[in-house]
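Labels for the chains are A, B, C and D, by order of writing; each one numbers its residues from 1.
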Amino acid sequence: MTSFAELVLFLVVLSDFAVLAMSRLSACIRAIALQGLLLGVLPLVVHSTLSAHAVVLGVGTAAIKAVILPAFLRWAIREAAVRREVEPLIGYMASMLWGAAALVIAFAVAAVLPLHSVETDLLVPVALVTVMIGLIVLITRSKAITQVVGYLMMENGIYLFGLTQSQRVPFLVEIGVLLDVFVGVFIMGIVVFQINREFDSLSASRLTELHD
Amino acid sequence: MTLFLIGLALVLAGGVSAVATRRGDGRRGDVLYQALVAGGCVAAAVDPARVLAGRPAVTLAVRATTPGGDWVLGIDALSAVFLVAVLGVSALCAVFGTHDLRREAADHHDGVRRPTWFAQLSFAVLVVAIALVVAARSVVVFLGAWEVMAIGSYVLIVTHHEVADVRRAGLIYLVATHTATLALFVMFSTWQVGASDWTFAALGAASPSLSAGARLAILLLALFAFGFKAGLVPLHFWLPPAHAAAPSHVSALMSGVVIKTGIYGLLRVLLMLGGAPAWWGWLVLGIGATSGVLGVLWALAQHDTKRLLAYHSVENIGIILMGIGVGVLGVAHGAPAIALLGFAGGLLHTVNHALFKSLLFLGAGAVYRATGTRNMEELGGLARRMPWTWAGFIIGAAAIIGVPPFNGFVSEWLVYQGLFAAGQSSELLRLALLGIPALALIGALALACFTKVAGVVFLGTARSARAAGAEEAGRGAIAAMLLLAGTCVVLGSLPPLGLALVTGAARALAGTSVVVPEAVVSSAWTISLLALVTAGLVSVLWAVRTAALRRRIVRYEPTWGCGYDAVTPRMQYTASSFASSILGMFGRLSGARVEKTALALHTHSVDLVLDGVALPMWSAMHRVALRMRALQHGGGRLHFYLLSILGALLALLAYLVVGPRP
Amino acid sequence: MLLIALILLPALAAALAYAAPDAARAAILVGTAAVHLVLVLMTWAAPGQQALGGWLADDDLGRMILTLVSVIFLAVAHYAVCYRREENPRGGRAFASCMLGFLAAATVVTTSHHFALLWIGLETTTLAVAPLIYHRHDRRSLEAVWKYLVVSSVGIAFALLGVFLLATAQPSGATGGRPLVLDDLLAHAGALDAVWLRAAFVFMLIGFGTKMGLAPLHLWKPDTYGEAPSLVGALMAGALTSCAFLGLARVVSICYMAQQGAFVRPPLIGFGILSIAIAAAFILGQGDIKRLLAYSSVEHMGLLVLGLGLGGVGAYGAVLHAVNNGLAKAMIFLVVGNVVLATGTSAADEIRGVFRRLPGSGALLVVGLFAVTGSPPFGMFISEFAIINGAVGEHHPWVAAIVVALLAIIFVGIGAMILEMVYGERAPADTNAGGSDERTRLVVAPALLAVLVLGLGVYLPTRLIGALAGAAATLGGRAP
Amino acid sequence: MTESPTIGAVVALAALLIGAPLVPGLAARAKAIATGRRGPPVWQLYADLWRLARRGIVYSTTTTWVFRLAPPVLVATTIAAASLLPLDGRGSVLRFAGDAVGFAYLFALGRFVLVLAALDTGSSFEGMGASRDVTFAMLVEPGLFVALAALGITAHDFSLTAMLGGTAARPAAGVVTPALVMVALSLFALSLAECARVPVDDPTTHLELTMVHEVMVLDHSGPDLAMLLYANALKLAVFAAIIVGVLLPVPRRGGVMGVGSLLAGLIAMGIAIGLVESAMARLRLPKVPLYIAGGSALALFGLILLLR
């Protein structure tokens, strides 16, 4: 059982690095949708007993993270007539290096944080990696839409952590969904306020008028 | 104690009445204001006077609602000395101030119709704050009154806030006092560690158990904070601009009384600590001597009457500190007799300085009101046009120099005796003898400075149309000045009165075992005899002179110009030429800068500490801050904001991994 | 039961305000604020109530911050009603409901003893405030909102991660008590897993620190406060930061109970001093009055966290400082709002002679200067004095010395700017010369707050002293 | 109250007051003889005083009451200062603890009023004189106080009667130690500066620009001028009395011998000044501070010797 869970976790890390490496926007969205699907599968796998709550949780997560949000993103790209390619600030190679560094840090920190309640000890480091790479994507990508993707990845990382405690704390993981409200707000902001056209390019780096 | 509080309430009522009667014509409102403030001061002065007359100290504890124990007020011998000076000078300054503001409002030659009620209200609040500072016996009340005093003085300093220099002077003043307050924060905190709560009694009880480090910190912080307030060199830089910018009755109050709260603070800390080590005494004595000499030297270099008087405050604070230094050394070396002389000299000079310095400032204020300028080079020949102001000013000048029949001599005489007594002892204390020539140098320089001011401003012929057209100050103003002058003469010719005033407090500081030696008391009476003898001789000689002239012809001619008869007022010795020979000797230290061009010679004075150290340091801090900001901010880009969060996260994670695991 | 009413009242009012016609909206806003304050004062009468099975509870610290939020909200509501009459509002509908939404969320944060509920409340406040910042609908406020939302959402995400870690640290079953409930966490602090608790503290410090605006997480603050209308700035600087501080204080109290003080104190003291230092650097020579107040808020957040980290009398000072800072910040933001409304600009060197033109606001600005910089007659003095007292008492004399030096620099920076604005002649640029165009209605709210700040310097009601001592005790401190 | 002054003290004071004008006369006479001239009679100053006392007065129009009050105050303060000294070696007319300070500050009062009178006339010459006089006074005062402190240390009391009187607790009664000689020399040098005699100022010069003290009294005439000249002579006599008190080896018990030694002191001082004037010309103005500093250094050296 645990080997399958570790396989899924491995795939999640793979999807993280995929988002880092992709140059085309639609590819990134497909990667994040895949990650959402993987997360949907995990609750069924990670705990030994198969409870109804885990099933509902898995299906719900898969629905939101794999289907609804990616569709919402694609609709936003069409609505805001966004140019297709991703403009990274520091280049793909550098992003990958940062990702690797995040991986090392995550495993170092995870070593300090032993977890007993869940069989696989891979879950904590993977969660940490996902959170950090999400933040890195948020920092290094200049396009607002890509930043939203980065934020989604951070959320997935936190959701992973939530899984470890899903048995004990009844609706802990469901709170994670509330983070998606932010994502919604961002996307609506991009579409409604035409963040793209407003700053005559989607890249958030143009927002530099306010400083000392 | 209740009468004291009633008195303060009356003063506040005076301030409020000024607000109430601001609509009507000024006369009624002013009379009411003066009556209430002066009456309040007199009523409040009754309790301190009783304590000075030997009654035991009184305290009043109010159940406080703020943390840190009760609010306690108290009047003991030390507070009484300061309270009497504070309330006396405040009453007279209020009277002078009202007349001065009334005349300023009448002719408002600077074209700005300024409501007088605001100045009167803040003056009343200031007086109450000073009285509370001196009577406070718990930290919260002390610091509260201290800052209200600072804010009250600031608000009064910037009365003429349309002038840029006034605003700048106000800001420098405010920064100085606030830094002093923050230093007091740390001082009281280090002191309060062992104490049960924040009252002075608890602090006093906790002081024996203070660690050496804490005691060192308290002494240094007290000297820094109270020194900043008192204006000793090098922390004096805020004093001249502030006193020059303030209206004259406010600068009289500030110079006479507000900077004395610094001295009071030092003595209160000494009393609570129960004595200080010898090195601190040497430090205070050294700073006192430097402040004295440099203060009067820089005063010589000034052309502005009020800046000159402000620098003189620095000099007199120096003399007071020399007295306190001798006192501390006496206690440290176990010689209470020496300590008594030192503390008595310091305290009496504090009271004397409060009297003659406020008199001189009121005189300078009257001159400013009459001529509209403070620049000495434009004045001259005012003695003839303003005889009463001249009489007050000359008595103040003689008193500040310390010549016998006036009160300045008595306190300097005590300090001299303290220094000499210290010089006679066997151990290291003998070096204090070197204080005597320093004090003599200060006295001589003061003589030079005040002959310059009196001569250039009041004597000779008017150097400008403004000086020629000056009229005498108002009746109320003259009354205030002459009352102060009278007190100076009385205290000068009756030294035992002054001695009795400060003996209680001096014995409290020097150790209550010692009593004023009989020789000193009898000498005090002999000094009044000497004053009498001198006055008698002068009147006898005056009679001889008038008798000799009865049958002789007395002619009045223009001054002998060695044959040259087209003498113009411009040919008279001016302030800068009079002082140039002395300043030349001290070179750049004197702060006088001379610019010679082909056509003209211009001298101006520079404050070595303010222009040399404080402002350059401040602009350097500005540059560092600007450079750090540009480096750190990343030009407002969102990515940089998020990067800083990532940075913080990584730092904390590292801390989590390697940090302590309790 | 009272607690639930406290939350539902503003929530319902928010919905109602959205639907109600324009005229009624002002009445609903101020009315709800007033009723809310009355209810809060009733909680003072009967302390220690519980609701929702212990998830909502009323303890000393929470009650004080709730009272602070309620008072500030009433003042800001009254000010907003008058302010909107001066400036013709566009889309006022969202304004009132968002403000009431904010009040409801803030009440949730202050009363909840369940960390997840507290987190939800905090997230709702962020979302409620966003439209308020975007009130002027121009390019600069859009940039401000976008930056605010992105940074805050990252902060909120980390806070949630912290909650999850806290849940992991709590042993399940009888030994751990109800998951994530503050009272049980405090009761069974010994049984908590130390490593996970420390990790939870780290992430919550980052999360709540970003919401509070602690350096180096503060960079969004100047832009947001600089662009948002002043009354929103008052609401955020006064109420929102205090709620974030409350969250952090809860976690710190758990850490102290679990004897993790040695781990927790250094970062808190480090962040505190760093915040004050960065605030000092950015206040020197600052050009814009609102950005200056933002940095002043960063400075005071630094002082709060420093007090929390020092413990002893410092903790007591920190709690009192939270209350004083909230009131003083709200007051000075509203007064600056008046000045900016009258002069039309927030650049300091274009504002002169405020005393001549707006006597009431000018006087309050000077009062604000002395209140914000902790000068004695005002409440801030006692709390700052307690914090420095704590620093020295807990054997950190060098911390006290550094903090005092930085406070002196900050005083000069703020003093130079405000005094230069207040005094002097009118700047030639401003057009409407003539008498003062002071709108007395706009001065009432800040004046009341000023009276409160001065009052707290002179008189602390006995109940408040009791609550302060109780709160300080939970945070590992004691009354002076 | 203070014990009543002894008859001897009053007689000695009277002798000093009467004998004072002799000193400048003797100085002029000694200088003349030293340079091979007959010189004016010794009692010349008495004649001048009598002549001036019977003259009318010309007052400048710009002067106020300060100008008229200056001469009487100057004479009065000098007499009061003299009353503090133990002229007959036993007791002084007036005595109080630390009266050395009173002595110095009485001179300061006199100088204060005189300088103000000079500035009152509004003439640039008098202003110049006032400025120079005040500058040199600033240098003399510290030196004078060092000398008085040194004397005080020997007598273990800061009052002049103890320092200079016969009862001075010298190491061996009357023995003059090298330190005391140095103090006496410095007092002599400082008195020349204080009373505007040759090395610092030339009383006989007519060129106003070179004068110091003389130019300050330029505008005085008649009885006022008489009083000023008398005051200057009296100050010289006072310094002579001090130097006698310091240098006289044999302890003086008052009475005829006391007054005799005082008069001998006056004569010796006059002759000494005359000899100095014949030997030296007036110093250049920038050199004067060095001269006074030299005098003060002598006193300081004496003090350090005593302090050791």
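By definition in this document, a contact is a pair of C-beta atoms (placed from the backbone, for glycine too) under 8 Å apart; a residue touches a chain by one contact, two chains touch by 3 or more.
In this text, all values refer to a predicted model and were calculated from it rather than measured experimentally.
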item	value
Distance-maximising chain from subunit D - centres being C-alpha averages	A
Pair exhibiting more inter-chain C-beta contacts, A-B or A-C	A-C
Whole-Å separation of chain centres (CA-atom averages), subunit A against subunit B	69
Inter-centroid spacing, subunit D versus subunit C (mean Cα positions, whole Å)	78
Geometric centre distance via CA averages, subunit C-subunit A, whole Å	32
Centre-to-centre distance between subunit C and subunit B (centres being mean Cα positions), rounded to whole Å	42
Junction residues of subunit C - those touching two or more other chains	146-147, 150, 154, 195, 199, 223, 282
Where subunit A touches two or more other chains, by residue	109, 112, 135, 138, 204, 207, 209-212
Touching pairs - complete list by chain label	A-B, A-C, B-C, B-D
Partner subunit A, residues of subunit C touching it in the complex	116, 119-120, 123, 127, 130, 139-140, 142-147, 149-150, 153-154, 156-157, 160-161, 163-165, 167-168, 172, 179-180, 195-196, 199, 222-223, 226-227, 282, 286-287, 291
Subunit C to subunit B touching residues, read off their complex	146-147, 150-151, 154-155, 158, 194-195, 198-199, 202, 205-206, 209-210, 216-217, 219-220, 223, 259-263, 266-267, 278, 280-282, 284-285, 316, 320, 355, 370, 373, 375-377, 381-382, 384-386, 388-389, 391-393, 397, 400-401, 404, 407-409, 411-412, 415-416, 419-420, 423-425, 457-462, 465, 468, 479-480
Complex interface listing, subunit B residues touching subunit D	380-381, 383-384, 390, 394, 398, 401-405, 409, 412-413, 416-417, 420, 423-424, 430, 433, 436-441, 443-445, 447-448, 450-451, 454-456, 459-461, 519-520, 522-527, 529-530, 533-534, 537-538, 541-542, 544-545, 548-549, 552-562, 567, 569, 571-573, 577-582, 585
List of subunit B residues in touch with subunit A within their complex	629, 633, 635-639, 642-643, 645-646, 649-650, 653, 656-657
Of subunit A, residues touching subunit C in the complex	109, 112-115, 117, 131, 135, 138, 147, 151, 154-155, 157-158, 161-162, 164-165, 168-169, 172, 175-176, 178-179, 181-182, 185-186, 189, 193, 195, 198, 204, 207, 209-212
